[in-house]
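First up is the structure itself, then whatever we jot down about it.
Naming follows writing order (A, B, C, D, E and F), and every chain is counted from residue 1.
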Amino acid sequence: MKQDSGIDVTLLPSSDPSAWASILLEALPYIQKFMGKCVVVKYGGNVLGDSVDSNEEIDAELDSFAEDIVLLHSVGILPVIVHGGGPQIDEWLNRIGKVSAFSNGLRVTDAETLEVVKMVLLGKLNPSIVQAINRHGDKGVGVSGLDSSLIVATKAKGDIGFVGDIESVNPEIILSILKDGLIPVVATIGADSQGQGYNINADFGAAELAVAIGAEKLVYMTNVEGVRGKFDDPTSLIQRMQPGELENLLGSDTIQGGMRPKLQSALSASKNGVSSVHILDGRIPHAILLEMLTDRGIGTMITEEVVEK
Amino acid sequence: MKQDSGIDVTLLPSSDPSAWASILLEALPYIQKFMGKCVVVKYGGNVLGDSVDSNEEIDAELDSFAEDIVLLHSVGILPVIVHGGGPQIDEWLNRIGKVSAFSNGLRVTDAETLEVVKMVLLGKLNPSIVQAINRHGDKGVGVSGLDSSLIVATKAKGDIGFVGDIESVNPEIILSILKDGLIPVVATIGADSQGQGYNINADFGAAELAVAIGAEKLVYMTNVEGVRGKFDDPTSLIQRMQPGELENLLGSDTIQGGMRPKLQSALSASKNGVSSVHILDGRIPHAILLEMLTDRGIGTMITEEVVEK
Amino acid sequence: MKQDSGIDVTLLPSSDPSAWASILLEALPYIQKFMGKCVVVKYGGNVLGDSVDSNEEIDAELDSFAEDIVLLHSVGILPVIVHGGGPQIDEWLNRIGKVSAFSNGLRVTDAETLEVVKMVLLGKLNPSIVQAINRHGDKGVGVSGLDSSLIVATKAKGDIGFVGDIESVNPEIILSILKDGLIPVVATIGADSQGQGYNINADFGAAELAVAIGAEKLVYMTNVEGVRGKFDDPTSLIQRMQPGELENLLGSDTIQGGMRPKLQSALSASKNGVSSVHILDGRIPHAILLEMLTDRGIGTMITEEVVEK
Amino acid sequence: MKQDSGIDVTLLPSSDPSAWASILLEALPYIQKFMGKCVVVKYGGNVLGDSVDSNEEIDAELDSFAEDIVLLHSVGILPVIVHGGGPQIDEWLNRIGKVSAFSNGLRVTDAETLEVVKMVLLGKLNPSIVQAINRHGDKGVGVSGLDSSLIVATKAKGDIGFVGDIESVNPEIILSILKDGLIPVVATIGADSQGQGYNINADFGAAELAVAIGAEKLVYMTNVEGVRGKFDDPTSLIQRMQPGELENLLGSDTIQGGMRPKLQSALSASKNGVSSVHILDGRIPHAILLEMLTDRGIGTMITEEVVEK
Amino acid sequence: MKQDSGIDVTLLPSSDPSAWASILLEALPYIQKFMGKCVVVKYGGNVLGDSVDSNEEIDAELDSFAEDIVLLHSVGILPVIVHGGGPQIDEWLNRIGKVSAFSNGLRVTDAETLEVVKMVLLGKLNPSIVQAINRHGDKGVGVSGLDSSLIVATKAKGDIGFVGDIESVNPEIILSILKDGLIPVVATIGADSQGQGYNINADFGAAELAVAIGAEKLVYMTNVEGVRGKFDDPTSLIQRMQPGELENLLGSDTIQGGMRPKLQSALSASKNGVSSVHILDGRIPHAILLEMLTDRGIGTMITEEVVEK
Amino acid sequence: MKQDSGIDVTLLPSSDPSAWASILLEALPYIQKFMGKCVVVKYGGNVLGDSVDSNEEIDAELDSFAEDIVLLHSVGILPVIVHGGGPQIDEWLNRIGKVSAFSNGLRVTDAETLEVVKMVLLGKLNPSIVQAINRHGDKGVGVSGLDSSLIVATKAKGDIGFVGDIESVNPEIILSILKDGLIPVVATIGADSQGQGYNINADFGAAELAVAIGAEKLVYMTNVEGVRGKFDDPTSLIQRMQPGELENLLGSDTIQGGMRPKLQSALSASKNGVSSVHILDGRIPHAILLEMLTDRGIGTMITEEVVEK
């Protein structure tokens, strides 16, 4: 397993045991700190590759991510994965010749569109992640927001069809899966008490779920390097913010596009008990591992804590 | 709830409490007998209606079936639902212009076909059943054979693509869901240890699962009235068979079409510890309730037991 | 067992499965509602027949009652039986030539009378009920108010000998018997801390016990059809009362004779947490079953609830 | 409590703490040895006085016995009392003018006689013992062989009516009462599966119960000083016997009268796992205490053990 | 075992069973009272003899004390032993030619002195007591205040080196040892959070530990007969005091020498929840047994209780 | 804490996250493998520095070792430390002017010598290790072989005094300490059933303890680099041996001095269920960490396993 992790071994400090010991001495206290704690990881549709059922090679990035998650789990940390799937939904709507109407940037979701959303999220992406995890040890379990009414939804305002707001979260099924030593992989489809399904924004789903299960950490895996102080300046990366600072930032027009709802959900989680929220660059190999087990910061961290990391 | 069950109340023996008492006296010992026991119910794709996400009425038959299941569960019986989805898969393959090749009656399942199979089963039918159950009390949980490697599969013989045989069943996740007081709804997609997915026949999946969880009963809900002694004679219904008799029957050419693999899986379950296997007519309203809680037989029962029902 | 329940099968709606299903659909939610809940059933001396030890036939009514209790218990409801024995005590006092003096309608209970009361209740009637229950499954356990000081009594006011008022109830032994999956049958003899025994009114004993164990329901099985609005008008049966209405009724002189203390104890239970108290006609076959598992009311129900049944 | 134990304090070795310490050092290892172990004590009808419900003084001997039992129980020993009641049954049969017929020394027990037997044992003597125990702490619980079918009986051979032989013992209820920290007081009425009651010899009942619950010790409290080697020689007391020796003794005609069935039951218990069986003189104050907690032997002990006491 | 307890058997009241019964009747309620309760016994260095590792005879007094402790433990009482060691420390300091400086009666404890203190307490006396206990049944466990930071200490005021005051007690390890059915033997060495060790006064250690574990009783085994009302009058022994009275006594100059800190710690324990504190004469054979299991008082008892003993 | 680990940070591969990730990917599977497993670490007297009670600096090597142990424990591995103390015993014997006699290389241990052995091991070295561990988190618990008779010993052959062989090990106390989340530190003093103490070789003690608690690993921390194939050739280090090879090696005269009994005990552990036994060079900083959590071998490993490390 280790020889396949795609790392140039000539870079390793093999001649110096002290360097190795130093890294272990750094990592072990983090393992202890997060042992038995829940970490919700939002894995964006942008970083999700093609299905493992194709006769092509297994998607290497998804496989590497799955390996990291399984390793964290193996040392007692409790990861919960929440995933999106925007690009893949677009592709399938296109395939059946469906043209989406938009209203204020939100896709108008009629019954047929909702059917495709469910099929892509629950029938294609969710099992792909589960299968990738299971290649490293049979621990992945697919969950939808429908299961034992995990996500209870109501129709969102506006005439945009079956788009839902989260009314409440019943986290028992996630806690039970964690207690069984398994790794839940969640697709954020919700339903109301009449059984009508709704499409739910995955960033908000991840945040609400993190709050409901009392997660220690919420990590957004994205395809940017973090939050910038200036929209178009890559060198303006903010490494650490307190929730109050984030609130101010959201009050300005610095944050735009898809980053805005992401940071709104991050702020909400941060204010409701999640100790630290992270915007990570999922393109860095083993980003989640480096973030969780080393003193080095990657991307942006939002936390009330003053001293640590 | 009760007033909506669609029964003509003028038929009720309301003037005679003795008749009511008699039915209760008959039902209660069955409740006691099956309390805490698992019952696997195979719900065929033929009886599954359209998605509840459509803006049409909720499918009435699925809703009635879901109510029965929830009531049985409410008195301590542990139902596990396994579903198929042949007609709905055909419809979607057709929709994207995919033409299936067949080999010995089995559909050649290339990667694209498998993708559609997963999307229909996991993304469309499975959540429909879960949503129908949850209309009666938040207990439904969708499960695929991928979850924590519930169904480990290998490629079936022949050059027919990603059609799988069941290698082993890891029933822990089903038992855990039952222990949590929930109702599992299972789609029979499997995977091998490399994470490659396979389509699995739902009748065989139901039988193997029933054996693996130690089910007391396995019920096939079909659209025929049971097993006939003569293929084309509706009056030749066999009400009760021992496994040996079924084996003989399968040795003859009386059993044809889709009933043959169904009865082969029934025989396998019957020989591996499932006390009774039933072929029920799912078109009879509340068929599962009548079968389980009254002395009246419906359809065909396969059992070693000599005396009872 | 079922064929012996003494019901004319020609009355059964055997030709119509819908009618059967309807009754089951009605009963199952009640079973769920009462599962794990305690129901105290006061079984009056008037309906208790002769001992099963005689070489005559087993008393059919007691046997039918015992069967109902065992069936309710078999589906998870927790019945506790409390019994009286007035007529049988009279008979035995008469047999040994003892003439009772009365004071304000209460029998003056000297030491010799108390001895006979104990012998009849504990030595004759209580074991008869236990034996009848055990014919249907070994679950009956005789309990007296003396056992681990279940009923702590003090001497009642007036010069009437060993008649006791209930000072406190120690319900642990009843709860322990229920937890062991058994059915307690209680005779209401009490004692004070010096070990002096007292005769205790069984209606009040049943009410205090129902309160002490947190019973959901208290049912008085009597030989009248319920509470009447007018003393001598059988058509004036009151089907449902709130405790306040009962209190008003007791303030008038409508309620007379043995019904008055019975309703006083019913009122007390109703005001101290027992959700519903019932006065049932024990002469109706399977009255307890019909009351608990159907929508039909039998006799009179006292409850704060407004909507249900 | 202590000052009332009726002992002449001038006899006490109060001037010598060493003597006190010596007695404690002797007793403590016995307490440890029997802690958590069951001891069945057969308390004969001969030593049972009149009812405590009479307005006379509480029976002093029963009270002293009850105190000993409660003290043993308070230090973790688990006593189970089994009682007879021959003299009291005779008295009540006489009172209602019933004349018993006898056959081979056994009373012909018709239905009416059985009714009186049950009333005296279950309604008079059993509650008297329970009440005496409860004067010292609310731990006594009356049990009949009918309760949850503790004693399953069959009709004894011969035409002697409702006299029963023990077919099997279901000791769960006794074990449950002990686990609840209570003291069972058992009357040996049994029943068959049809609910027919039978009178059971209490000596045999005690022995079978001791075997069924895995008792460490079985003690018969009698009104003789123990087993004699010669029938009419009080100086021939046998202090200790092995089961084999007892079997030989029973083969001779030395043992006569009521002692014969008592010793037969003792032999049966001894051969079926009860470590020691004792025939004690219940007339010695605190006999059970001295037997269990000192090195001094009282009466006769039957045991396989060679060395101890 | 019993024959070796060194008691002149001719003193025993063997001819009178009533006397024996009386002593047992007296002891049993005390066993019940203290069953499951913790009793901290401070065993002073003055009464500790030479090591059992010498080739001389086992120290008889330590052995007798150990036997008493094991017997109390065997009947369910939970003893915790705390020991001192002043004389033995003096002896060893002398042996290596170390001269102690004193300041206000407290020994100035430099690093070398602390090393000897630890070696004598932890390496010599503590294992001697453990070994003596284990001669009677393998239950002794040596514990130092260092173990899992049982005693957290700070440097005492004044320039007297490594003498410590108790800052806090973490009693979990003691409670865990007791739960395992073992007998902790505690040496009162403490440490601060930097790992620096300190010598702690054993009387105060015993008192703080008794409070921390919720002990019922704290017993100081000394070599005097108890607390005297007048310093030099042996007949002025105070048998019983309330904490308030002790406080007054400590306000006067009646209490001098080592008895003063002992009584100050006793007062502290008494005011913080320890029901009774005792100053016993450890020279009386089996003093702890007589104190705990008889009505006779030995030495001085400090308690808020008014009536008992 | 991390900044104090004494490692030159300029050596760290800080510019390359891949290298860090690689080391973590290597370590995590080992953490998972050893999680919940026991590892016995024999810490030799040679590497034990002076007492932390001195007013000098804390011994840096002991502190570093303690930190490693606490870190391993913090991630779920269960270390048990066993220590020796030869040099320190020599020093103290010398201090009191005691001259040891030797017989076949073993010190003749008279009573006075044994006293010093116990004082040094139990009173000086054991608490030093406990204090060092507690500087990193209050988990250390000192244990002697006397505690609850952990090590039962008999007198070794020959006329060499109180030197003991191990007769049996009662590991319950060690398992209980581990279950409480604490780290046992064991000194190998044993005793026989009469309470006579014996000095036990610590290498053998560690091996027997490892077997008794079912340890996964046994590590000897020494001051040599491992086992050499040729006695005087440092380049002949054997990195891996199977038990059979070790047995052969011990049959030759290659192994001499103190390494011989060490390897004999290693062989014994290896043959009795300890998966791997290691001879490590304790002078390498963080040797235990590198050995347990990296693919790199340090010193010599004895194992039956063929493939791994």
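Everything below uses one rule, namely that a residue touches a chain if its C-beta (ideal position, glycine included) is under 8 Å from a C-beta of that chain, and two chains touch if they have at least 3 such contacts.
As the structure is a prediction and not an experimental result, all values here were calculated from the model.
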Chains in contact with subunit A and with subunit D: which ones?
-> none
Pick out the pair in B-C, A-B or A-F whose interface repeats that of C-D, meaning over half of the contact pairs match by residue number.
-> A-B
Comparing centres built from CA atoms, which chain ends up most distant from subunit D?
-> A
Same or different residue numbers at the subunit A/subunit F copy interface, by half rule = same
Would you kindly tell me how far, in whole Å, the mean C-alpha position of subunit E lies from that of subunit C?
-> 60
Length of the line joining the C-alpha centres of subunit D and subunit E, rounded to whole Å | 45
Here the gap between subunit B and subunit E, centre to centre from mean Cα coordinates and rounded to Å, is 72
Within subunit D, the set of residues that touch 2 or more other chains is none
Name the shape of the chain contact graph, picking from line, ring, star, complete and other.
-> ring
Ring walk start=subunit A dir=subunit B returns A, B, C, D, E, F
Flag every residue of subunit C that touches subunit D in the complex, lowest number first.
-> 51-55, 58, 95-96, 111, 114-115, 118-124, 126-127, 130-132, 134-135, 138-142, 144, 146-149, 162, 170, 172-173, 176, 180, 182, 189, 191, 193-197
Parts of subunit A lying in touch with subunit F, wherever the complex brings them together = 1-2, 5, 7-9, 11-14, 16-29, 31-32, 35, 67, 71-72, 74-76, 284-286, 289-290, 293-296, 298
